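In the two complexes below, chain A is the common chain; its partner is chain B in one and chain C in the other.
Showing the complex of A and B:
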């Protein structure tokens, strides 16, 4: 911390002014006299429970994790050392793990959002028979944890999986050679199983806000369905798509349960768990957690700030 | 477009149906399960038939004894139901007020409050590591699990309730109630909140299902004792025969479907009698 002597007087008085302002705010909240002050007090009271939970269950534990990751000793938070971060940067193994995380989450995000656009389009634009049932069926996997998604993929693509055997019959090859559940492609499909329903949910919300009148006008002026989509619908849903990409990518990075069942590619979350289970290296695990947090925070903040992304359901 | 939709629905649903059907088969080593119909898998998973080792099934806890009749429930089930309800309870306390603050008022930094409350802060694995470090004695207990679930699932509550609030004429409701003499806390609790019940109930349903299915956080912090449901499922998926794992997963499907229907019913009737 800087001492007052380090600053020119202007900064000091501005600091003093903001301290006064803060004191005034506290006064206003504790003993409101105007309606504006009362409103402020209400806002603070409404936000207080969430803030308390966030501080106790979120901020403090994360601060502790950061503290141990720069500690000089392994199990106690003392001193300062960047040893754990040095390991992350210099060991090529961790670079591979980071790379795995990015391409797996990135690839599945593109695939999932790519599929979710036509799904949301079909659900919101066409009068399909049994639409409510279809919506329920597409949304059902949202409540399934990753381990169950992995099991679903074993059922489809495992050694005696349905798809495996159908392909085996068609091509005349052994099912054992065709089973891809426990492989990188299988994992890719398992990720998509979890992510498509979430991306669809987000994009359905976007589609619900599309201006139908403009689309109908385009159609009646002779635009083909594709032209209507390209020039009228797409510009309207683009912020929603960007938002869906950001949120789905976050989901993809966070996936963990699926990897416990299908352990073929080591990604960041799985490696964090391994640091703890083999030798309880809380420092490296803490450093990895810190890097993860900063990375997702940074790209979400930048994504929301510098694109037209809309986030919400 | 419709074709894509149908293919994806098939991709999502075929394994679910196949799993459910397979759970009643005695063997599933070929393409399709065979040896129908047996309840042996279900019995073993639910702990009604003996099983050993890592394939161990659920224990049974006595729920209550009344006049010689003992009602017992599978302990893993009861445990997870309770944990998830605890998480939902905290979510209601923290989620409803902040959703109201964001929907009703304009204040400096409201965009930030909004973003922080609807974006998941950290994934379960990271939060698990953080809990282990910050609360070494508390993290593996039921209380630790409940607090963790509530933070992880809070965004879903805030989103559901906020969108309900945004569809209501909040300012008008508040002003009418105030002009009739109700204090502000009273207005909030007896006018605003009951009017938003459908959003609150659907938020509670979503949070409950997600908390009951939580795996990542539980896997990191859980140490000993009764396992949360998702860990129980994982043990079966990794260790048991395919049919038995199918029975465990199917049981989970049934719970999700049953609770969703049940809470919807309670939500639309229970609250209505008051208003």
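Showing the complex of A and C:
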């Protein structure tokens, strides 16, 4: 006779088999016999520090942030309420903030990857004089905090900025009418400044694997340099472009330092900061952080699932 | 097809001279083998003819047209590579038709021409295949069909048999040799394999250290080497009396 614990479809036996297999794996790691077992133990040892860090510095804070976002009280994590999520969905202000984040990150991603393609093309395809210096200059902004990048944009495109004043002299207009640093275009440029090097980094790796003989074959068959790029090079670097789009878009969503200086467009990260500093609405801040994590995780996972992009999670 | 005249070309890379005053004429319909050890400048010479290298001195001409500074896409040169260099994102037929597409030839005509060439090279049934699924020999046939499709002024073959196993190499050598003769192609055939050069080429140009050591028919080069280098290089591993086939 069947008992409540039995599953006619064999689910129970499969579960038992999985538990047994896991137990066997643990035994093999603790007391390895074969080379495969020893290899597994080495893999576990190599990954253990990061796994611990992920659990302590990643999973736990994320779970806590989620717990805060559904707390019924402001200063204690008690009860369960979806009020913060309801606010995010129903309040037009937050929808505008989400929209701002998407268009700013999306627009700067397209611009950055679009500019990174010719840079990577030139760096990888040709022997350039002073190539090491060029690579350093191109990759340098990666190491700059966003706040410094914003300061540089002020120095270039602000009221007293170099570019602003040069254009003012050339056109005869007032610098104050030409300064764009503290505006959406200025923010756009500042974002691109931080994102182009990241896109270039990925694309250079992709370009390094391009079959140059195939490019030469195309040229000898009558293809112009543009036709060669379109028909032969582009299909080869497409996974890299997709990877660069994913990584750069994520970077665009995550930028915060630049926004502290140039607060002309309120985006998700800036609004999280404001929720914490103005009125201390920690539930909404927690909900925004949770939504942000889920969105970027799902975006990356889907991006990798449905493309052959070359970028890790 | 055209007559190719290489006149005193010199190519330097920094302090290194890759090609040093090479002069060579390939007559219309003739296959000339450029034979020599690795690093002797034979591929640089071929790339100068293709337009991928501009010589520091000297000229390259097709018939009476100086093409020294003409970009590769305007030279009408067919290139066959050692590593095949097929377009992995295209089918076999699309590979062969690529040059015709770049010349604005219509879809139907491209298809017919590609199928005809593939049939001629014995791989007619593979037109719709992904080239990466083909064997090395089959891929090289696709590469040859692709280069011939544009009816090039000159066909340049850069070590096309290297990397193939001996049996396949022997078979392909015979087939390709017959095909090139039948099509009356003007060709420059770069190889380091003496046997290949002797069996496939009307004349052989032996290179060493960026210079031409000797140009002559395979028999002349084999029987009357002009220098000690030619004597040593050609006699090493040379085929047993290949002249019986000439």
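Criterion: the second predicted complex is superposed on the first by the 302 of 313 C-alpha atoms of A that agree within 3 Å, B and C clash if a C-alpha of one lies under 4 Å from a C-alpha of the other, contacts with A are read in each partner's own complex, and residues count from 1 in each chain.
Assume contacts are C-beta pairs under 8 Å (C-beta built on N, C-alpha and C of every residue); 3 or more make two chains touch, one makes a residue touch a chain.
Everything quoted here is computed from the prediction, not taken from an experiment.
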Practice item. With everything superposed onto chain A, say whether chain B and chain C fit together or clash. Key: fit
Review point. Between chain B (first) and chain C (second), which does A:227 come into contact with in this model arrangement: first, second, both, or neither?
Key: second
Review point. Counting only touches as set out at the top, which of chain B and chain C does A:217 meet: first, second, both, neither?
Key: second
Review point. Which partner, chain B or chain C, is in contact with more residues of chain A?
Key: B
Exercise for review: Quick one: classify A:236 as touching chain B (first), chain C (second), both or neither.
Suggested key: second
Check your understanding: Should A:141 be classified as contacting the first partner (chain B), the second (chain C), both, or neither?
Key -> first
Revision key, fill the gap. Closest CA approach of chain B to chain C after superposing, in angstrom, is 18
Practice item. Check chain A for residues that touch chain B in one structure and chain C in the other, and list them. Key: none
**Study point:** Touching residues on chain B, where the partner in the complex is chain A
**Key:** 1-2, 4-5, 8-9, 11-16, 18-19, 22, 28-32, 90, 93-95, 97-98, 100-101, 105, 107, 113, 115-127, 129-135, 147-148, 150-151, 154, 158-159, 163, 184, 206, 209-210, 213-216, 219-220, 230, 233-234, 237-238, 242, 245-246, 249, 252, 256
Point to revise | Partner chain C, residues of chain A touching it in the complex | key: 211, 213-214, 216-225, 227, 231-232, 235-236
Exercise for review: Over in the complex, which chain C residues touch chain A? Could you list them?
Suggested key: 50-52, 71-79, 81, 83, 85-89, 98-99, 102-103, 143, 146-147, 150, 156
Check your understanding: Which part of chain A faces chain B closely enough to touch in the complex?
Key -> 38-40, 42-43, 45-50, 52-54, 56-58, 60-62, 64-65, 68, 115, 118-119, 121-123, 125-126, 128, 134, 137-138, 140-141, 143-148, 150-153, 155-156, 160, 162, 165, 193, 196-197, 250, 253-254, 256-257, 260-261, 269, 272-273, 276, 282, 285-286, 289, 292-293, 296, 300, 304, 311-313
